[in-house]
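Once you scroll down, you'll see the structures, which are given as structure tokens.
Below, chain A partners chain B and then partners chain C, in two separate complexes.
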Partner chain A sequence: MTDLGPTTVAAPPTPSLKAGAGASRPARIALGVLTRIGWLLVVVWAAVSLTFILSRVVPADPARLAAGLQAGPEQVAEVRALLGLDQPLLKQYIDYLGGIATLDFGDSIQTRGPVLDDLLKALPATLELVLVAFTIYAIVGITLGVLWAVRPRGILSRLIGFGTIIGAAVPVFWLGLVLQVFLASKLGWFPISGRMNYNDFGVADVTGFTTIDALLAGNLSAFGDALWHLVLPVTALVASQLAVATRLMRTSMAQQLRRPYVRVARARGSSELRVVVVDALRNALNPVVTMLGMQFGWLLAGTILVEVVFSWPGLGLYAFNAFRTFDYNPILAITIVTTVTFVVVNELVGLIYPILDPRLKEDR
Partner chain B sequence: MSTAAQAAAPARSRGARRVRWTPRRIVLLAIGALILLIVLFPGLFTSDTWNKVNVADKFLSPSWDHPFGTDEAGRDILQRMIHGARLSIGASLAVAFAAAAIGTIYGAIAGWVGGWVDRILMRIVDVFLAFPYLVLAMALAAAIGRDMKSAIIALIIVWWPSYARMVRGRVLSLKRDLHVRAARTLGASSAQLLRWHVIPHTFGEVNARLTVDIGYALVALTGLSFLGLAAQGTSPEWGLMVSTAKSFVLSAWWYALFPGVVILLTVLYFVRVGDELAGEES
Partner chain C sequence: MSDVLTVRNLTVRYPNAPRPSVQGVSFTVPARGSVALVGESGSGKSTTALAVTRLLDPAVEVTADEVSFEGRDLLRMGKKELRALRRGGLGMVFQDPRASWNPARTIERQLLDGLRGAERAERRERLVARMRRIGLDDPERRMRDYPHHFSGGMLQRALLAGVLVHEPRLLIADEPTSALDTTVQAELLALIGQLRTEQGLSMLLISHDLGVVARMSDHVLVLYAGRIAEQGPTSTVLAQPQHPYTRDLLAAIPRLHGPRKVPLQVGRVAEARTEGCPYAGRCRFATDRCRTETPAPRRVGGTEVACHLAPLPDAKAA
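So, the complex of A and B:
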């Protein structure tokens, strides 16, 4: 096993590893990791530079923008000096990069504190929502995709097919509103908005994750309430993305099921369940895992709409409020943080992919 | 003999491609004509007073006179939606067409020139693909102003790379095709080859993708409007209507319901037509 063939990965940023074609396997992997890290830095730099251009070059008067709507002329002048907006652009750019590198995103006008503190406070809420949604999304998407591939012409498959089309076309903010009106308001089955209230249950805020904190406190009714608040936002978030995973899983699974090894396994007398779940699924999962990584980033960005509908106090709602009040630093910070997270997750998936597929090659 | 004829044939021999008019396609075409009519001449379908405030009629539930009910100012929601179609669908068309045009030209050049130029151009595409569109649109709207224009620009910025990648892949294989080599032998320049013998062959795929994307652009755009990043004020843009309706959702369920249903159906329509085009292609 010296020649492993061309080492390409299906993830979108596809660094070429040709340079190390003759090297040993560990060296090639190391080179691949380095290429990816280098690539990551380029994208982060691009994101930061873009926000710089958007905040300092595009607007007619950046100081006015940064100072906020209510600021008077003296305050604008103060902000101009404080942010160094009277300096040459190049110097501003270097200072800006320096600030971001030390995680200094400036202060928020709205909360009057450092943006970084606000972000850290809002992060657990968003992560909790996205992680739960992502887990359910992956499990449901893979299951439905497999069912669809196994019985392509059954009634269930038709339903799944129809459901994915609707799911992809439905505006997530509207779906959220509909769930809110009918399931929460009219039927009263779920809370209308927000998260579990720490004070109501006397649970200490340790991690910022309501479910984990409730469990840490051993308070089951609090845990139930935390889950209850998650149901509708998670449903909206999952429904809007489900089509992607389901369709890809179906295609990938259908491809595997047509392969000779599946026929061999069936001929050998393996049960259908074993053929599908043990033999085919493992191979069929590869492209799906890559895509799931990218979807995680999308969920993170797409959560803005859901958070706004359900008043979920995470990064999205924070960004939305910052936006409404023309609070500029938080918007920039969130652009950077979300983009960087998005790219990092994609890259991590790119790194996991060769591990999942030991042949380390693209054969489809 | 047949290959020679193929090589000499123009990029698209229109006669050879006869569309089969199944009943489903006729229905789709009729709906398309209706949408076009609504977008171009909304006045044909509404009364002149469609935007007039009439507080006496506020929050009337759906009835024969007001199929979608009325809003907080007593205006007919259906009539407002008909006038909003121009904004919502028009902007989605703009996003999809501009993204497709930019992406096609960019991708064609990358695929045609190849080598390090291609590698650099595609790396730039990767950078653009790395941005989540909602976040980019927010930053952009904050910088250049929150209106339809900046929302459209933001969506074009995040949408064109996918076309660039698709067209590049297609051009890479097309440029080795016999008809391209034949045209080159006949003395066609690179620009002529691209214009007449390569890019037209990507149109099939691009058109199918573009049609579906009109639908998805509508979802994205109404989402931006919902967040207050696109249409403003009393505009009858569909996403903005849902956003306004959010405040009245508990008392007037129809106000948020119908605009959403119409968005959903419109998206489904474009996805369906796109699938039809893609099927025709393959």
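So, the complex of A and C:
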């Protein structure tokens, strides 16, 4: 009775249902969900506070930047009062937290509009980019990793090994620029930058996701154009992270293929495909799923560089411009949005474990 | 053609290994017969079984003059034919029952993977009948459970049922009971024995437990460092061992009564010599000849033994 199940790199989190032992099942699930949401709020609060402190500690004066370089001392003071920056730090902090609770992130110095409006415009663009990249990243990474583990000495495996090292070594913005110069500018195969233009195709902006809006409008040429714009940024984003998923998948899969139950399945006369895909892969995915949750955060961070290179009007580009001009309200808001997305994605990933490992489903 | 399994001059070498794990091993398993491979860890007994059934990694080098199952060449057999054989004539049971099951899939799904032909419902029916015979209560429901709901003994029984449903002619059992506690072990051995007589099954048993070997086999091969030290009818080998290693193995069995016997000499198979007799380093009788010249198998008494010194002066003295 020693070794139970897949030896995994990272142990999947046990569902936090302990608190309500003895209560009915739905009650315990509800309690578990509430606990999770509570933790999510704590994480967001910590991230916001940290960013707030950092934004006030750095040796830059937002009032000075907002007022403009030609402004005199009185004008700067006026702007400072207008922005509330002359208040005590604690009061600024409390006001800020209060604003967030009502989704008021303040105004952007740069766009001179509410940050919330900017976010709602930019977020779909980034989510579209990241979700497409993440899906491709997961599928390609898992596939390559499995192939590598199954035929470790094959030519394909050598290519994968070499390719992932190159991909990991090349900076994402450099790869983006190279793709842009060769495939877009010289060969003209792909658009150089930007997203599908809603006006050009007469498609209504409903969700902010160009692909979905094009499909909603039933406009296939618009859908094609939306995809076409996605190819290069997605490629740059995926290539930069691909080594992580591929290598972990290979290691985990190779580990499973050495386990006795694989030999038993072969001895039973299962086909090799079945042994790899049905038997070993399911157990091997466990640590990879954990890692994919984390990787989502890295892809999100990677969008800053990719969006700048490809002028993709999303959160990354917005963040870049905010950083450059020390526009602190957008910076804080982007931190919150990124944190929430990251935590939520990892919570969703947690739901996959019981599907992969039946032992986690049980509460007997 | 009355032999089910024939192995002649089998040699197995792992990549980068200093010496072959199995060297020049030959034996046959006659129809309805039971042959045992014994030896301590690293003696090459499991490797022999895995090589014969083609379950070793392709990087491992396997050579032999002959490895055949019912006259069919196992080493040169195509993948399809091999799979058909594993789903038919050739059944295997392994050491650790818990590790033998995929923790993420139900018992039923795993066993059905190996079953061919007929409808799924009919295949399931056959499996259920088997499960009932090996003593699983309420098999229809229990088969939908996952391995972690079962005891080790029951997992091994279920594995056996999954193998026997193919109606194999040869069962290869690699330490089938060594991970189980003594009572469960006795039950499982009795079950295997019973099924063997009922189905006319031949068996290749791999074990380090001489008690199990005495009970379950009629011919035994004692392996040391990948070579056959001694082989012969089980009763003869165990009663009148001719090889010093066989004697040491027998003497190492702990007994409740009587004086303590000479324990097995300190040392491990991994340190076995590459020239001369592989056992010379641990042998109490070793001479200079043993250290330089590899002994060839000779017929001495009722057994075939690879030792320069056989017959040993006083068998009882050991």
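Heads up, the rule we're going with is that the second predicted complex is superposed on the first by the 279 of 364 C-alpha atoms of A that agree within 3 Å, B and C clash if a C-alpha of one lies under 4 Å from a C-alpha of the other, contacts with A are read in each partner's own complex, and residues count from 1 in each chain.
Basically, a contact is a pair of C-beta atoms (placed from the backbone, for glycine too) under 8 Å apart; a residue touches a chain by one contact, two chains touch by 3 or more.
Keep in mind that what you see is a predicted model, and the values were worked out from it rather than measured.
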| item | value |
| --- | --- |
| Touched partner set for A:88, first chain B, second chain C, both or neither | neither |
| Contacts of A:279 with chain B and chain C, given as first, second, both or neither | second |
| First (chain B), second (chain C), both or neither touched by A:267 | second |
| Chain B versus chain C as contact partner of A:73, first or second or both or neither | neither |
| Superposition-derived comparison: chain B or chain C, residues of chain A touched | B |
| Chain B versus chain C as contact partner of A:188, first or second or both or neither | neither |
| Chain A residues within the chain C interface of the complex | 1-6, 153, 259-261, 263-272, 274, 278-279, 282-283, 356-359 |
| For the chain B and chain A complex, residues of the former touching the latter | 119, 123, 126-127, 129-136, 138-144, 215-216, 219, 222-223, 226-229, 239, 242-243, 245-246, 249-250, 253, 256-257, 259-260, 263-264, 267-268, 271 |
| Chain C residues within the chain A interface of the complex | 50, 53, 55, 59, 79, 83-87, 92, 94-96, 98-105, 110-111, 113-114, 116, 146, 148, 152, 159, 162-163, 166 |
| Contacting residues of chain A [partner chain B, same complex] | 12-13, 16, 39, 42-43, 46-47, 50-51, 54-55, 58-59, 65, 165-166, 168-175, 177-178, 180-181, 185, 297-298, 300-302, 304-305, 308-309, 319-320, 323-324, 326, 328, 331-332, 334-335, 338-339, 342-343, 346 |
